[in-house]
Structures are given as structure tokens and as C-alpha cells.
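Down below is the structure, laid out as C-alpha cells.
Residue numbering begins at 1 within each chain, and the chains themselves are lettered A, B, C and D in the order written.
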Amino acid sequence: MLRFGLFGAGRIGKMHADNLALNADAELVSVYDVVAEAARAVAEKHGARADATVDAVLSDDVDAVLIASSTDTHVDLITAAAEAGKAILCEKPIDLDIDRVNKCQADIADCKVPIQIAFNRRYDPTHRAVHDAVRAGEIGDVYQVIITSRDPELAPMSYLQVSGGLYRDMMIHDFDLARFLLGEEPVEVMAMGSVLVEPELETINDVDTAMVMMRTASGKQCHINCSRNAAYGYDQRLEVFGSNGMVQSHNRRATTVERYTKGATAQRDPLLYFFIDRYPEAYVDELNDFIDAVANKREPSVTFEDGRRALLLADAANESLRSGAVVRVAA
Amino acid sequence: MLRFGLFGAGRIGKMHADNLALNADAELVSVYDVVAEAARAVAEKHGARADATVDAVLSDDVDAVLIASSTDTHVDLITAAAEAGKAILCEKPIDLDIDRVNKCQADIADCKVPIQIAFNRRYDPTHRAVHDAVRAGEIGDVYQVIITSRDPELAPMSYLQVSGGLYRDMMIHDFDLARFLLGEEPVEVMAMGSVLVEPELETINDVDTAMVMMRTASGKQCHINCSRNAAYGYDQRLEVFGSNGMVQSHNRRATTVERYTKGATAQRDPLLYFFIDRYPEAYVDELNDFIDAVANKREPSVTFEDGRRALLLADAANESLRSGAVVRVAA
Amino acid sequence: MLRFGLFGAGRIGKMHADNLALNADAELVSVYDVVAEAARAVAEKHGARADATVDAVLSDDVDAVLIASSTDTHVDLITAAAEAGKAILCEKPIDLDIDRVNKCQADIADCKVPIQIAFNRRYDPTHRAVHDAVRAGEIGDVYQVIITSRDPELAPMSYLQVSGGLYRDMMIHDFDLARFLLGEEPVEVMAMGSVLVEPELETINDVDTAMVMMRTASGKQCHINCSRNAAYGYDQRLEVFGSNGMVQSHNRRATTVERYTKGATAQRDPLLYFFIDRYPEAYVDELNDFIDAVANKREPSVTFEDGRRALLLADAANESLRSGAVVRVAA
Amino acid sequence: MLRFGLFGAGRIGKMHADNLALNADAELVSVYDVVAEAARAVAEKHGARADATVDAVLSDDVDAVLIASSTDTHVDLITAAAEAGKAILCEKPIDLDIDRVNKCQADIADCKVPIQIAFNRRYDPTHRAVHDAVRAGEIGDVYQVIITSRDPELAPMSYLQVSGGLYRDMMIHDFDLARFLLGEEPVEVMAMGSVLVEPELETINDVDTAMVMMRTASGKQCHINCSRNAAYGYDQRLEVFGSNGMVQSHNRRATTVERYTKGATAQRDPLLYFFIDRYPEAYVDELNDFIDAVANKREPSVTFEDGRRALLLADAANESLRSGAVVRVAA
């Protein structure tokens, strides 16, 4: 039984708490949130205690922490939890500032606690099946990875202002998927970005529509396209093309219904609305995998370094966007 | 909180027990099985007691029973539970003998307990979406219902010998779906059947490959085709065709992966293997719906009469198979 | 070079004339139609002569006749052409009256001319690919054939009144496809029919919505469903299910476009409107196959007997509809 | 009646000759090829004359020329034909050298003859339907265009050596499609390329696997990915994503057959093999459109300037590949 402390009782935190309740090997013991009332509600629902301080969460009866608080708190919580010897499952991104991430990595280097970054998409059954097929050699050598990632609706400006920008906030998932699927580090990044949806984004130097190309040392290529606003829904597709074939992960729908009427042929269900609806199994499976890693004293499948690498690529994309030139990233 | 007694701790019983554990408004209190060890195992897993007799299950601390024992025990258990004032959720079919079903109906007529027959397919999200679209008038007046229902593998002869035959054991689900989708009682039934898979079925006067046509009083039509053995998997499709269009429920797969290699284009995942894998949400939802019906003192959505009606149609099909003539069923 | 005389210069006749023009081994020499003006127009377009009598068409410079006139003229034209020693490609059905068909068969028994009945659907590339896969043993022994055949729009009552009824006029195509796909003669036929679209059909004892089940001597089964009026378009699907798998022929569309907007997900092109648009290659290929059969002195792929057999099944369906009983057809 | 002279009697030339034969408003009068025997064969098949010189083709009885000879001959033939006052339909690319293209443009500036560049993909029914939907405003403002373009098999080195390289030889089609779909000139180009299929390409400074990103002045984006070798077939897909939705053009297959067996689910036909098989209607329609443009004295739909623009983008991609920087192209 792994006893959890939860940091953050917002939308994602609540979902993680519900998933913990489904896992027979885990127990939610303590909840902390800057909004005490939010912590209390989640604690009550799951028979846990609401703690008033971070230190109280990191007490002896907690084995692991799940960090689902705002991004700017991640590094401090990781450091504190690591120093307290807790296993750590932390939401992406680690931080928006690579220097802070590097410092955190150095600070906790001696702690030897298991740390997993919550790149949930790696756990999506379909994305994972693509990954597994590729790793099993079904399509031979990887040539190209194509990732399409479009949100169903623009987030509010209040969020966008602190998000860190499209590449570090949104495309960071896709940078991680790219590494997951390529099986090799991208060493070159080129980026393009535009403000086509929300002109106000110009004022904070961000974009809402973006493309990236990347290349590994051996020449494998990856393209990612993102939009903050796809009118038709949350579009999450990817494909890997290799010397012997191609594997695709298509969008998901609630049912397999197909409708035919005079004006509308082969109408299917809308795309599942957003990440909570699109990736439910992934959130469960990443938790299970983390619990299993801790229980079996093996390295988590998605490491701190994975989190750091994704941020390096996002930063490279930002730099390429500014400079108009390819940016080289260390392998 | 609805406190449940469970009759039957086999494959389906275990699944129902697991689903009860997921429902915050239900609690498994007692388990009974002719194999005491089986009851004990399920009871232990869910913190319930294993009872040695039917009467013990029907004690005061049980509000409802879930009957998942063998078909020949259903009628007696329904009668006993109804007389004990318990709400009843009973697996299909009620019984293989329409006379016993009719007698049971008469016997419990005064009991006024909620009884739901577990025709799970009505709760499949896609089949249900088809039903809802039809009832909402999306395709106008219903003209034809087409149901394809093929099992992935022949059941063992030991099962087939006591199954009651393809129409009452397997197609009974489809007869229920037909009524659900037509929105009108079939009054004419024609059947054809063949032994194409397992010659030994001839010896027990059963078939493994079958077709049925039905017609309602207003002329709506329904076709069902069944096979005990589809090499490519569990094939569960249906469509409703009406004056303004058509709605289809397609097969389901584990993921949306699509594979392309030199020899194999657009390869998708195999069909989900069998009913437990294909209809997991349906089993959960039928349970939730039953609990909700009891809690809100409303009639269950799938009634004893629904179970009886499906059997009447199966019997009519058997008769048509023998006689080669249309069989009329009372509306 | 096969020199053709064409009987009938209506919609189908014109299309056949155009197809003849595409075939380097054929030449349209003469056209006849009861409406002389219609014959003249087609003749002019293709540099042929318009003849005033049937006999004039059957002159020495004509090797083969293509009969695309109204159904009631087919038998006389076949007989005359056969006696004149011409190869014959005749539109379906041969006639609506099985006695006349039998007599015609007897009358021309000694003529030894090649006769092909224009069951175009056998030549559809997709239907044919299904047939070829089945005959090649890809799905093992055939168990069931399912055919869906729905017209996009009710024909005018003036046509329906002389059509011979749904089974002989429309489902006749599907009876032929059933034989083509089953690879065995159906020996039992059961039918259901309803008037759901056009009440006036009651007055002529016809139906607009129909289902049939058939069975061969070895127990293979076939279901056909037809409608005179599918709001969403011309629906032409079939599947063959066997011991090792299933092969399907899906509907066709003009393009592979898929559209996604807020209100409409995965919208595809409408189904191709009607037979001329849906089966263009089939009309060309049946002509090519006929020309090839004549050139190579081999029996045509679709024979007079095939036309007669399809009518026998249609008649059996009509009889079953009246009697409510299975109708047996000689193998 | 437009009388054509044909330059080039190779694979593409022969196909164009066949298509000319299908067009009632066109007539093939003369054929020229450096291999006299090839010219003779095509001429004979279509009742045209085989000419021994370019000048002989450009005689008075020829109204238009179809240039399907090797790329290095295009500019001279265009210039000669334009000066002779002939309408010109010229295969892509105009030339591999932008200076020669510019000079050609200047040289024929006063000739006022209709010139169409044969970017056949614009005429593909599905690609065109996407274009038409976009131009009709179905998906609002264009945000992103994604084009996937992969050949089924590496061309022989002898061809690759003179091809001009992947961007000018193969991706040139996609640059043209990008302009066609964006409805705005790309002004920024970034490219990545790799040798993953055929190491020998290193020796000629070419690549076999490539990606491009482009951006228009208003910020619309386009991604193209190409491969010289897709094991699973000729992969030709595109999508346009805009403020109100998305439209996709999917791959095409010979039939709509779908196969299910134990080891292979939902198997469809292979992709149509290569451009001649994939784009047959496009070749016919571009010819018809050219003939119509000449007949109606309107500007051809795909102009010399379109051919020049596509080459500018290919050159920009090559430069970006070398420099690793964004390359700006004049709007």
C-alpha cells in the first residue's frame, strides 16, 4: 500500500484523487492546496486529511507525493519531497525555466527517490500501441513522426498569460511524445508560429498556431503542428512512418455510432472534448505504473530527465521562432 | 445504500460483484453459490459474507438480489426473492420454458417488488445512442432493423446441451434489442437455421448458424443473423433504417491504431473478444440504472415482461424453424 | 469487331451506346426504338443508322444485339435475335412471367447463340472482389450472405405499376447476387414485405420495404433487405461470412473527402446517386465481357439460365409473401 | 477542335495521347520524340503523324502543343511553341533552373499564347473538393495546411541523378498544392532533409526523406512531408485546418472491399500504386480544362507563373536545407 500526499486540489488534482481511490495498492492520506477549502473537499471525499502546510503533508505516514499544483510550485515541492525521501509523481511541466529545472536536478541528485513526470499521453492505449509496434520493429527503421495536437477551445487569457507560451505549455506534451516515438534525441529544432486566433496574444509575445520540425543525429524527422483552437474538437493524432510501413493513432469518440440522413452522410460522434475525457485510461495507467515502479524499486518509466528534455526542445523552438534559424540541442 | 445479495459466483457473478464495488450507492452483503468455495472467494474479496442457503441471503440486511446463477435456478430465486420483498436484478433469460415464466409472473404478481432483467446490450453506449437517436426522431419512422450477432468461438458442447438452443440462449439478446429498437412488438416471426459449424449439434436438435425475420403490426421489419463461430471475432453490429435516414452501431476495438505494411493495408485492432470485454460499460450502467430505479421507486427500465417477450419471440423462431411457416405472436 | 444492333434508346440504351463507343472491338451499327426520334438521336451521335423495324436491325451487318427496351419486349426480341443467329446481351429481367421465360428458353434451345443477361452488379469491381475472394477460399466455407439494397427515391407510380413488383423488378438483382456469392442454388425462400413509403402501392398489391431469407441445400443462408426509398441515398452493400472470415463490399462515394466542423464530424460525400452513377465500370465491364465471350466462342459469364433462376427466386418470394410459408425451389 | 502536337512519347506522353483520344474537342495531329520509334508507335496508335523535327510539329495544322518530354527540353520547346503562336500545356517542372525559367518568361512575354503547367494534382477530384470547400468558406480562415506525399518506391539512381533533387522534382507538386490550398503566397520556407533510404544519394547531394514548413505574410502555415520510399504504397494525403473546421483528402483504393480473417482485421485494398493509377481523372480533367481555356480564350487555371512560383519555393527549401535558416521568398 503506497500512501499518498496530494499537492493541488484543482481539476487535475481531483481527478488524480479519484484515480488513487480506484487503485487497491494506493491510499490518499493527505491533501494540500493553497485554497484550504479545496483541499478539505477532496480530503473529505476520500477520507484523507487536509493539511495546512507542505511540511505536514511530508510526514512519516506519507510514502509518495502527487504534485498537481500550479507549475511555479513544482520545483520547490519536488525538492522538499525528495529531501523528505518521498517518491514523486509530478505533473508536467517541471518548470517553465530551464535554469530552475537544472538547479532542481542538481539539488536532488543525491536523494535517490523515484521521480516520475506525468506525461500522460505516453500511457494512452492507442499512442502506446503505436510506440510498442514501432519498438517491436513492425515498421522497420523510423523515418518520420507526425504529430497533430489541437485544443478544442482557447484557454482564457488569464491562463495564457502565465502558461509559459504554447511551446512550453502545450506542445511540451508533443515534444515528449516525439522523443518517445523517435527513440532518439532530436538535435535540431526549427519552429514557426502565428497569432491567428487571439490577437491579444501578440501583447504577451505568444502564438496560438504553431509548427515545429525536428531532426535526430541519424536523420529521423519529426513534425508537430498545434493550435489553441480547433472548432471541431480536441484533435490528437500521430503517425510513425518507417522503412517497412506506417502506424497511426487516430482520434477517439464516445461511441461507434454512424448516422446517415439526407444532408449528412457518415456522421460520427464528435471528438472527445478535452484531455480529461480523451485520456482517462492514460491518467489511470500512469498512476498504476508509478505505483508499480515504487513497489518494485525500479526506475519510473518517465523520468525527471524526460521532463527536462521536453523543456529543452520547447526552449529551442522558442529560440528558433525568434531567430528564424535551426537551433541545435545536445543529444 | 442498496445492500445486495448475490446468487452465483461464477464468471458473470464475479463481474457483477466487482461492478457493485464501484457503485457508491451499493454494497455487497451476501454471496451464495452451489459451490461454496466460489461464494467464499467472492465474499472475501468484497468483505461480504458467504451464505450457505438461499434463505440466509434473503435476510433483513439485504435489500436487493442479483441473480447470476444458472438459468434453471432463476425462476425459483425470483419467486423467493419477490416473496421476501427484495428488489431483483436477474440475468437473462428468465427461464427456457415459457410456461414456467408465465407461472412465475403470476406467482409474484402481488409482490410489487422492482424486477429488472439483465439485457445488458440495451446499456451499451453505442447501441443506446442508436436507440436514442431513433426515439428522438432523427431518422423518422422506423422501416427496418438489421442486427448481426456472431460469437467468436463455439461454446463447449457441455454448455450447448443445456443452453436451450441458439434462439433462446444467444439470439434472445437480439430479440430484446429488436423490441428495444423497433419500438413496437413483432407479431410475425420467420426463422431459418443450419448446422454448419458443429455437426454434433444435429444430435441435440440445435443450430449454429441462424437467421430470423420479424414484422410488427404496422409493418416495420427486423432481420437478425447469428453465428456461434466467427473466426474474426465477436461481431456485434446493428442498424436502424427509417424514413429520414439510418443509424448504425459499429463494432468496437481496443484502440484506434491503424497499421500499414507492404502486405497489409489499413489493419486495425481485432474486435473486442467477447461479451465481458465488449460490453463492460453496459454491465456497469445496467447496475446503476437498477439501483437508481429502486432508489427512486420507479419501474426498472427492462422489466420481467421484457424478459418474457424475448422468450416468446425465441419460441416463435423455434416453431417457425420446425414448421417452415410464419409464426404469429400476440402484440 | 463486333457489330451491334441496339434495341431501346432510353436512358439505359443511351448509356450502353456510349459504352460501345469506348470499346475498340465493338461498333454500333443500328438503333431501334418505338420512339423513332429517340433512336435517331442515339444513331446520329454514334454514326449508326436508325432502323424502323426489328427485322431491319437483325440484318446481315449486325453480329450482336443489345436489348435495352422495355421488359415486355425482351422475350420476343431474344427469340427473334436468336433465330437470326445474333449474339444477345439482354437487360434484366428476361420477363416478369416465368412461363414466358420458360417458353422462350425452349424456343431458342436449338439456336446456339451466346446469350448474356445484363446483371451488371456482378461486374462491380468491389462486389466482384468479394466474389473472387470467396471463390479463392479466403474465408473458407460460406455460411451467410447479407445484401442491403435500397433505392434513393421512389420511382413514379406509372413505372411501379408495370414494374412487376419489388421482388421481380428490384430485388431480382440481389437474387442474382445471392446466387453469384453463395455458389450454390437457394432451395428455400421466405419473404416479408410492407407498404411503408407509398400507400398507393397497396392498390397494386406491391410493397416498398422488403426482406427475404434463403437457404441452400447444404444450409448456407442469405438475407436480402430492400427499400424503394432511402433518404440518405443509394445504399448498396453486401457481405459474405464464412468459416474463416468475412468480406464486405461497402458503399462508394465520389471522393475521399472528410469534413469536420463544429456541428458535423467526419462528414463524407453522399452515396453515389443511383445505378448509372454507382455502377459505371460494371456496365463497361459487362459489355467487354460479353464481347470477349463472343470473340472467344466461350459461354457468356451470366447466362439465360441465370436470368431464369433469379426470376424463380423472385416468384418464390412473392409466393412466400402471400402464403407466409417457406417456398421450395428446385436446386 | 483543338489540334495537338505532342512532344515526348514516353510513359506520360502516351497517357496524354490516350486522354486526347477521349476528348471530342481535341485531336492528336503530330508526335515528336528524340527516340523516333517511340514517336512512331504513339502516332500510329492515334492516327497522327510522327515528325522528325520540332519545327515540323509546330506547323500550321497544329493549334496547341503538349510538352511531355524531358525536363531539360521544356524551356526551349515552350519558347519555340510560344513564338509559333501555339497554346501550350507543359509538364512540370518548367525547368530546374530558376534563371532559365525567368529568362523564358521574359522571352515569351509578348507572345500572348495560353500556357498551362500540368500540375495534375490540382485536378484530383478529392484534392479539388478540399480546395473548393476551403474557398467556399466552409472552414473559415485557413490556419494550417498539412501535405503528406510519399512515393511507393525509390526511382532508379539514373533518374535521381538528373531529377534536380527531391524538392524540385517531387515536392514541387506539393509546393504547388500548398499555394493552391493556402490561397496566399508563402513568404518563409524552412526545410529539413535526410538520406535514410539510399545512401548513394549523399554522393549527389540529394535527400530521400524531407520536411518543409512555410508561412504566408498573414501567418498561415503549411507543412509538407515527403519520402521517396513508402513500403505500404503511394501515400497522398492533405488536410486544411481553419477557424471553423478541417477538410481532409484521404488516400484512394481500387475498391471498397474490407476483409476480416483471424489474423487480419478490417483489411482494405492497397493504396493505388503510383501517379498514373492514383490520378487518372486528374490527367483527363487538366487536359479538358486546358482545351476549354483555349476554346474560351480565358487564362488557363494553372499558369506559367504558378510553375515559376513552385520552383522558387523548392529553391528556397534547398537553400534552407543548406543554411539551416528560414529563407524569405517574395510574395
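By our rule, a residue touches a chain if its C-beta (ideal position, glycine included) is under 8 Å from a C-beta of that chain, and two chains touch if they have at least 3 such contacts.
Not measured: the values here are computed from a predicted model.
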From the listed B-C, B-D or A-B, the one duplicating A-D with over half its contact pairs the same is B-C
Per Cα centroids, the chain farthest from chain C: A
So the centre of each chain is just the mean of its C-alpha atoms; given that, what is the distance between chain C and chain D in Å? 41
Could you grab the centroid distance between chain A and chain C? Build each centroid from C-alpha atoms only and quote it in angstrom. 58
Residues of chain B touching 2+ other chains? 139, 231-232, 244-246, 260-262, 269
Within the complex, which stretch of chain D touches chain A? 139-141, 143-144, 146, 148, 150, 188, 190, 192, 194-197, 209-215, 219-221, 223, 225, 227, 229-232, 235, 241, 243-246, 324-326
Would you tell me which residues of chain C are touching chain D in their complex? 125-126, 129-130, 133, 138-139, 244-252, 254-262, 269
Where on chain D does chain B make contact in their complex? 231-233, 253, 260-262, 264-271
